[in-house]
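What follows is a short report on a single structure.
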Amino acid sequence: MRTLYFRQPLTYDGSQLSSLWAFRHLGVQGDSIVAFRGPCRVEREALVDLADYLAASIIYSPDMLHFLVEHFETDLEKGVLRQRLLVVITKELLEARGMRLRRRGDDLFVDNGKLSVSVATATPVSLMIHLGLNLRTEGVPVQAAGLLELGWKESEVEALAGSIMEAYAGETKGVYLARCKVRGVP
Amino acid sequence: MRTLYFRQPLTYDGSQLSSLWAFRHLGVQGDSIVAFRGPCRVEREALVDLADYLAASIIYSPDMLHFLVEHFETDLEKGVLRQRLLVVITKELLEARGMRLRRRGDDLFVDNGKLSVSVATATPVSLMIHLGLNLRTEGVPVQAAGLLELGWKESEVEALAGSIMEAYAGETKGVYLARCKVRGVP
Amino acid sequence: MRTLYFRQPLTYDGSQLSSLWAFRHLGVQGDSIVAFRGPCRVEREALVDLADYLAASIIYSPDMLHFLVEHFETDLEKGVLRQRLLVVITKELLEARGMRLRRRGDDLFVDNGKLSVSVATATPVSLMIHLGLNLRTEGVPVQAAGLLELGWKESEVEALAGSIMEAYAGETKGVYLARCKVRGVP
Amino acid sequence: MRTLYFRQPLTYDGSQLSSLWAFRHLGVQGDSIVAFRGPCRVEREALVDLADYLAASIIYSPDMLHFLVEHFETDLEKGVLRQRLLVVITKELLEARGMRLRRRGDDLFVDNGKLSVSVATATPVSLMIHLGLNLRTEGVPVQAAGLLELGWKESEVEALAGSIMEAYAGETKGVYLARCKVRGVP
Amino acid sequence: MRTLYFRQPLTYDGSQLSSLWAFRHLGVQGDSIVAFRGPCRVEREALVDLADYLAASIIYSPDMLHFLVEHFETDLEKGVLRQRLLVVITKELLEARGMRLRRRGDDLFVDNGKLSVSVATATPVSLMIHLGLNLRTEGVPVQAAGLLELGWKESEVEALAGSIMEAYAGETKGVYLARCKVRGVP
Amino acid sequence: MRTLYFRQPLTYDGSQLSSLWAFRHLGVQGDSIVAFRGPCRVEREALVDLADYLAASIIYSPDMLHFLVEHFETDLEKGVLRQRLLVVITKELLEARGMRLRRRGDDLFVDNGKLSVSVATATPVSLMIHLGLNLRTEGVPVQAAGLLELGWKESEVEALAGSIMEAYAGETKGVYLARCKVRGVP
């Protein structure tokens, strides 16, 4: 699976959660995880998580590290499983820097501050995952935590993104290889 | 998904990794995670992981906490994804007690000691996962770590098993519900 | 699978046949069968059955008992099989009251009067089934039969809906359990 | 799907429930329903329904009308759905002759007598269904009902088999065509 | 699978690549391959191949023999495999007339002239393939080859279409039957 | 997908058609196509194609170029589609050397001599394809053609194997990428 850090700032507004976004905009074809940085502002009509929609939430952050994953397969529950692994991998990498986090489903918390937003859904030709990590938290409508406010430096953001993408691509390959080394049983 | 702790000691020899084991032996029908305690001794011919087989490994532990999971579905890669989540959940619950662990794929380590063995495979009608956690380590053929040697007490083993089973069943339900709240995107 | 009888009258116009309708409007998440009562009026453009569309049919009934089923899976043919079972279950429950019905595919008839309309289709994230049973028949554009005109009482409608929903949920669970008790064969 | 009535008497002992039986023995290739007549005697070790196995049942009938169905697909739950439809179709055809039957899952009863045995399972390349209808009941280990004892004549058995096979093949085709006439919805 | 040659000229503009086109317009239900003749003009916004879209291509031909295939299944990669076979079959039939062609993926060339355009994609309920063969080439925006300019006669076009449709339907059936004659292996 | 030419001569007797053969014997993990050279002798009991079995065929050749393909997926019909493409690619590469071949399903002929044998089937964890090309034909039980008797040289066999493996791996990747560049349609 391909990985790419896109260096231009970009506002995540939900429109990126559509099939082949990485191919259209970044020339990345096939299963991929791409990352970029920028605000997050998803209006109610653009929400794909109807639990959020029914709660009349909007999703906002002034500055996030965004990951956009696309797998060209069609089992949405499998997409949610992959999403959980992406969240877990992110948690493990942040913990390796000494942070302490708590995971609840696909949400990460630092103390009671919400660090992340995430959703997984289906397009007509693929599955997509968005994961956003707060870098800063001014104006976030819930109690939040931001990496830059927790001791991370501006200069480390891209490397963190790279680590997460590499670890996710590695885990994805590892999962595939694990499936290719076992015989069936009765 | 159903959960059950089976209190009689039982040696895991690989024969449990066959379809409907929990139904045949414990009367548990449908998706399930069951746990039991006992030695682990899988002879070479019973190995389903051919990487182990080719390395001429045997799998042995004098005392393990065993989990046996069955999902009545057929995508083996999805089974591996579920297995990874089971391993992650176990890690998170042990960390909540103050332990520090490292995960590499489906293996858990405490310092350099291997805490776990795990495999996921397919039966003709389901997917199955075995996860074994060392309680003690005498005679384990690799550098190992055992929960009872790391401060856990005999009296806590069943409760730990219960926590892991509950958390896995909860995560599985959460994954399903996450799949049932999103609309598709273009 | 969850069941719910929604007591407010509601006109079925085809817009209900969209993903997560029960979650959006009734807070019911996951596989479900919900029922409500009201007229049925599906304009040509809203028809999803193109055989009806090509015949320039409209679907109209002044008063129907409606069932809306959602399964979060993706094999449309399997959805049609489930739809047939829903129709069969309905037939069996009506026959238990002494009625005589004839089934042709997914249609139920009393003598030559059409008692039901039904369709099964796919959303981007699920399969959906609509089944409507005529309660009254004034203005129905084909020869029709209505339960209230065949001896059922107003006061029995909700209980009938409940029986059908319970039987369908039970059959669905039975089908799943039947799949979880057989070993494979060569 | 092909249909065939095999006129030579044959004991059903469970060995017929294996992939490509109709191709090997009758030259019938592809999805099929075949019928034959003969005793039924399935020893405990040959049982594929583990609920029967655990109950230490054996399955015996001195004279049955057997149906053996094979679909070259792999979703076992879908196979169970098809099995239920086969049972329903059988019930409907018997009722058209004036009999009254009761269905519970995949079992048919006349009063309290069990008329049928049935199982659906997976082979490595297909799904298979067996349905047996008692013709006579001497020696059946449960309270049973047999068609020849309920007024059917020897001379009618083959025609009944033909009707059931035709109806099942027709329903199967109808289900497929129903899947090929609907557009998707949001 | 059904085959039909539609004799009225029709411009292929991409709108035909939508589910159930053959059912809506030609009354052909179920898996099908239909053919017709006419210009090809797909504007940029109607392109479904995003590689073409990104290259700002338009697709134009003054006169093509068009094939439109629909399979009621959902694995898009399988649809691409079927598309490749359709292209191969076309090549084999043209070669049987003495032409020499070269295939690159889903493109056919005569010398350096592009003979064909093709795409496979998913609808909410099916997979669809378009294959167009240039009959004439005036105005085609790339170096092209056209059958009428290579020695084929007007009077042969319909027979060629018929041969390709028959061969594709036969190959499709052969693939299915090949799947219905092998036992599984360990 | 990985490719490997195994230089030691090996008799193909059907036992190679089992899951993970390339991993067990050659250390090749994941989707793969491997080639080797040697006799072919498949006894009747080892036949997986039951049409051959029923015809009481044995499969024999004194000297063949063998290809063994494994894809870690489970749709057997898709495996047959991939097999057909492997046969087509082989044909195209041989034709590029000036040979003239005829394909009928998965068989290749030179004049009336059968050049190839092939089968595709399912294992519990994967799909497998065998394709054997006659190099010599003494003792082959049908009218056969052998590459070494048709002008190919001993020294070219390995390069031919390499070309076929490369082309198949390339086509497989191309099919995947084709699936990753199209948007869905209504």
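Read from first to last, the chains carry the letters A, B, C, D, E and F; within each, the first residue is number 1.
Keep this in mind: a residue touches a chain if its C-beta (ideal position, glycine included) is under 8 Å from a C-beta of that chain, and two chains touch if they have at least 3 such contacts.
Just so we're clear, the structure is a prediction, and the values are computed from it rather than from any experiment.
Participant: Tell me which chains count as touching both chain A and chain D.
Facilitator: B, C, E, F
Participant: Can you name the chains that touch chain C as well as chain D?
Facilitator: Chains in contact with chain C as well as chain D: B, E.
Participant: Counting C-beta pairs in contact, which comes out ahead: B-C or C-E?
Facilitator: More C-beta contacts join the chains of B-C.
Participant: Among the chains, which one keeps its Cα centre farthest from the Cα centre of chain C?
Facilitator: F
Participant: If you average the Cα atoms of chain A and of chain F to get two centres, how far apart are those centres in Å?
Facilitator: Result: the chain centres lie 42 Å from each other.
Participant: Take the average of all CA coordinates in chain A, do the same for chain B, and state the distance between these two points in whole angstrom.
Facilitator: Whole-Å distance between the two chain centres: 27.
Participant: Hey, what residues on chain C touch two or more of the other chains?
Facilitator: In chain C, residues 19-20, 23, 50, 72, 74-77, 121-125, 176, 179, 181-186 touch at least two other chains, as defined above.
Participant: Taking chains as nodes and touches as edges, what kind of graph is this: line, ring, star, complete or other?
Facilitator: other
Participant: Let me make sure I understand the interfaces: which chain pairs count as touching?
Facilitator: Here the touching pairs of chains are A-B, A-C, A-E, A-F, B-C, B-D, B-F, C-D, C-E, D-E, D-F, E-F.
Participant: What residues on chain E touch chain D, complex-wise?
Facilitator: Contacts found on chain E: 19-20, 23, 29-31, 72, 123-126, 176-177, 179-185.
Participant: Give the list of chain C residues in touch with chain E in this complex.
Facilitator: Within the complex, chain C touches chain E at residues 50, 53-54, 74-77, 121-124, 186.
Participant: Flag every residue of chain B that touches chain A in the complex, lowest number first.
Facilitator: Against chain A, chain B makes touches at 17-19, 48-51, 75-85, 88, 92, 103, 105-106, 119-124, 128, 171, 174-176, 178-179, 181-186.
Participant: Provide the residue numbers of chain D that touch chain F in the complex, in ascending order.
Facilitator: So the residues of chain D touching chain F come out as 20, 23-24, 27, 72, 74, 124-125, 183-184.
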